[in-house]
Each structure stands twice: as C-alpha cells, then as structure tokens.
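Per-chain numbering from 1; labels A, B and C assigned in written order.
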C-alpha cells in the first residue's frame, strides 16, 4: 500500500471512530500494515493537519489512542455553535436520552450511557428539571441505581394519551446485545471445557 | 476573513456537527459571512477533499444539509469495523411500500395496500421504527386514517439532498385514455376472433 | 412442467403475476387469461404447502383471475357489439387488472432504484456529532425545537443504533479476532520474565478494554492450572502477586489446543 492510500484509510477510520479513538496497534490489525508504518503515517497526517491553513481539525494522541479533534483555535467558533439556538446539537443529546427512556423505561443512567456511548448525566439532569422524566424506583443489586421513567408532562409534551400511543418499535431495534458478556462466556467455556476432557 | 481561515472554520464545524449536518444558511449565521461566500468555500473544500489522495473524507449534500462523510472507496476499510454491514438493508416489501410513500405522499395505509394488492402493516411499522416514514397528518372523513410521508432520515438513508433528487418514476405507458380504450378494443376483438376458430 | 416456488420470492399476488407474465413472455396488454390463471393456480398450490402468510390475498387474486377468465368466455353477439346501447358493457374484463399491474410495476421498479441508492449510500459513513454538552449551562440543554414529535424520538433512536453498530466492534471484535487466551499466556509469561519472575497482579493488566482484561485473566487462570505460575497474597486485601514457577519451554505452551 502506498503511503497516500494508507493515510487516507487511516483518516477515514479516525473520522468514523469518533471520540473513542483508536490505537496504532488496532489500526495495524485493521489495515494489516506494520505498526511502525502506521505510526509514520499518523505522524505525517498530523504534520499535514498542523501545517494546513485550510484544515480545522488535527490529530491528537492521548495515552496511545489517536483521535481527530478540532484545532484549539477553533474553540470560539464551536462555542458559537453551542450557543446558537437554531443548531440542534444540544437538543439532540436530550432527545436521545428521552427517546431511550421512553422506549426502555425503567432504565438506569449506566444503561442509557451504554446505548448512547457517551456520558449522559447532564441531559438526564435537565430532563428531570424539565419534569419530562423522573425517578420511578431503584434497581436491584449493590448500587441500587436510580431507575428513570417518563412523566405525565412527557405525555403532554408529545400530545400522547398514554405510553401505548408511542409508535411501536420492532423487537430487534432496541434489544439488549451484551456482546462483552457473550465473549466472556465463550472464552470461559473454551478454557474450562478443556478441563473435563 | 480570508478564505483559508473560513474554510478551516467550516471544516471544524462540519466535523463537530457530524451526521446532524448543517446548512449553508446556518453556517452563514454562525460565521457572520454571506451565504454566497460560504457556498464558495464549501465548494472549494469539496474540491480539495476530492482531489487529495491523502484524504479519506469528503463533503456531501445530504437531506438539505452539508455533512462530512468518508469516501465511497473507503467502504471496505470501514466495514471491518462494523459488525454486520449488510444485516440492516430493507426487505423488498419495505422498499416497495417506501417507494409508494415517497412518490405518492401523503398516503394512507389502505391506499398503499390497494396499490400493492397485499397487506402492508408490517413493512409500514418497520419503516416507522427505522425513522424512514412518519405520520404527516390525518385523512379527511370517517376513520381519519393516518397519512404517511417520508422523513429527513429517508433522504439521508438514500443519500438524497431533497425529494427532487428521487429518480423519476418509470414512465406510464398508457398516458392517453382514448388510446387506452382503442387498444383494448383491438385486442378484445382479436382475442374473440381467435376463440371462434 | 415443474418449478420451484420460494416463499419469499414474491411480495404479493401482483408481484407473482408480473413474474409469470415476464416468464411466459406474455404481452401485458393481451393476457391469455386461461394460461395465466392456470399457471397462477399451480404456483398457489406449491405455495400453499409452505403455509404462506398472505395466503388469503393470493386466493382472492385466484378468484379474480377465474372470474375474468369466465367473463371472457361469455359469448358476445356481433349485433350487440355494434349496438351503441351496449357499448358501455363491452369493456375488456381484463382492463382493471392490467391497470393495477401496470401501476404496481411502476413502484416495483422504483423500489429497485431505491435499492441501488441504498447500496450506494451504504458505502459512505458519517460520524456522530461531538458531545458538546459540557460547554453549555444546564438550562439550555433540554431546549427542544418546538416542532419535536414522537417520530423525532424514533429518529434519535435510529441514530443511536447506527452509532452503536460502529462502536461495538472496536471494543470486542478486534480483540476477539486478534487476542486469544493462548497468545495472552505467552504475553503474561514474557511479561513475568521481564520483571524477574514476579509481578503484581494489576501490572499484568495494562489494557483498559474489557476484553483484553478478560482474556488476560483467563490466561492467568490457565497458567495456574498448568502450574506455570502461582499467585500469592500476604493477607486479605493485600496486593496479589503472580510468580513464574517454572520455565516452560515455548514448544510446550505452543501445543495447547485452543
């Protein structure tokens, strides 16, 4: 693979992967290219971003994880976006949390964050303060985490008589799919199956 | 603002906004720059992305907004990140229902079923849950049947900027009613001429 | 003539009819009703055994076809055809069906075009909006657009799912493919060697992702079972230490079945 192609592939992966970032080793596995070569390409990409006046993004390396971010000097511009009421960046976070709670209630904060992939304590707080959601109980187990559900005000807001009026979702859409657990069980059985033979 | 700076700011905003997308008008408000100038900068950004061998991303018009996306030739690389890249494609039945809704919206379930000659409640539910169609009103008269229309997500899902970008419906062969009847009469007589032999 | 009929091959009776018309190379404006009807009914028989979901709709169509066929067999006298009074009733019994078929065909073809667009679009990926919630005061967070409705919520869910689909593999799939318990056993032994044969338990877990931790943990269990390493602890809640008990020749570890 020539270095331009490699750089473009790395850029595409970094772009899609978002805030979680990706390590040079993972990139090496995905692209089937030596880590050394990946690191050289990453460093060249970074130089390109930094030197380009036209580019608003750059490459950040945090604890071995690479991710694309906006350049520090873009902070003011992005602040404007946040403050602008016509952009729905902010309502999106709240709406996502509200949607999850509406369809999966009762549900804990951790479960919501797991579905969204981002911290959600602040949207939850504001939805509580807007009386669209409320505590409806506590989860079993050690943490006794708060379970959230929607309120009467929620029904009111969306013009619904009851939760049954929400458009139905097919089962597959939000079914739990805890792969980590599956993986653990598989590995566990693989390891200990040997014992019995 | 010089054009490099403008482009870098636009890139930063496009990056942050992600699949939410942003319109030229919103960019113009945020950056306090004429829409014309914004559009020129967007077009130059797009040319840059397209021409750069090093870049894995490009600029696309989706659902009335501008969004950064990965280049199509990056698909194989990114698919390695995705669990089931093809498991989510729509079924033939769902696509048929969606085609009818896209071209004939607003339309009721009964009208859809009449056109297809088959019950369509399940595809409709799938399409609602995938946010590709939504209720856009109620039909006049008794029953007040739900009228369906397509969503922004529909445009996004099919890579369209607006409904105008839908491919034209295959031409109706029978445009003229008179011709229609003539044709039938001719065929009719031919048939019966044959039957008597 | 025999043919296979697949359950999911047709999206309804009209679809089946179009298929037959195409296969039999029939002119849609001049359908030989007897032939089409008998072919259609043959298909229904084959499909009936498959407990077709929409059986009733297919049967209604069969009845319609039979009705059209019989109407076409009714004798019509020359005189009546020429008589203006009867002209209204002389329409082709097939007309309604043909109009339906042509109208349906249009959308069936449009659906095929949508499928192509779907597949083109699937080659292109976007990213979720950055999380900017930390940049704003609380009261601003939950400000919804006044036009937000329940369908917007469904749209929000759809986005979450799309994102989850991209997010999932990084933490698990790469690890599942690339790190086996066996490989990790080597890594643990190597790491112990580097540290002079003894390491604190937690130092053996430098990775943050869950699967690597699980695989590392399992590999230590496996090494204990094979008495390659032992684990000691001075007293309750003290740190655990992993000790390399014996130098295992590489080839012995390599014979482990995964």
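Following the convention adopted for this analysis, a contact is a pair of C-beta atoms (placed from the backbone, for glycine too) under 8 Å apart; a residue touches a chain by one contact, two chains touch by 3 or more.
Chains and their UniProt names: A, B = Segregation and condensation protein B; C = Segregation and condensation protein A.
In this text the structure is predicted, and so the values were computed from the model without any measurement.
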Inquiry  = Using CA atoms only, can you tell me which chain is the most central one in this structure?
reply    = C
Remark   = By Cα centroid distance, the chain farthest from subunit A is B
Approximate Å spacing (C-alpha centroids) for the pair subunit A, subunit C = 22
Remark   = For the pair subunit A and subunit B, the C-alpha centroid-to-centroid distance in angstrom is 26
Ask   = Multi-chain contacts in subunit B: which residues touch at least two other chains?
value = 15-18, 20, 68, 70-71, 74, 78, 80-81, 128-130, 135
Remark   = Listed in rising order, subunit C residues that touch 2 or more other chains are 125-130, 132, 149, 151, 154, 157, 159, 166, 168, 170
Note = The subunit B residues in contact with subunit C across the complex are 15-20, 60, 67-72, 74-75, 78, 80-86, 88-90, 92-93, 95-96, 98-100, 102-103, 115-119, 128-131, 134-135, 151-153, 157-160, 167, 169-170, 172-174, 181, 183-185, 187-188, 190-192, 195
Note = In the complex, subunit C touches subunit B at residues 11-14, 29-30, 54, 57, 61, 72-73, 76, 90-92, 95, 99-100, 102-115, 117-130, 132, 149, 151, 154-155, 157-159, 162, 165-166, 168-170, 173
Partner subunit A, residues of subunit C touching it in the complex = 125-136, 138-145, 148-154, 156-157, 159-161, 163-164, 166-168, 170-172, 174-178, 181, 210-211, 214-215, 218, 221-222, 225, 257-258
Request  = Would you pull the subunit B residues touching subunit A in the complex into a rising list?
outcome  = 4-5, 7-13, 15-18, 20, 22, 26, 29-31, 45, 48, 52-57, 68, 70-71, 74, 77-78, 80-81, 125-126, 128-130, 135
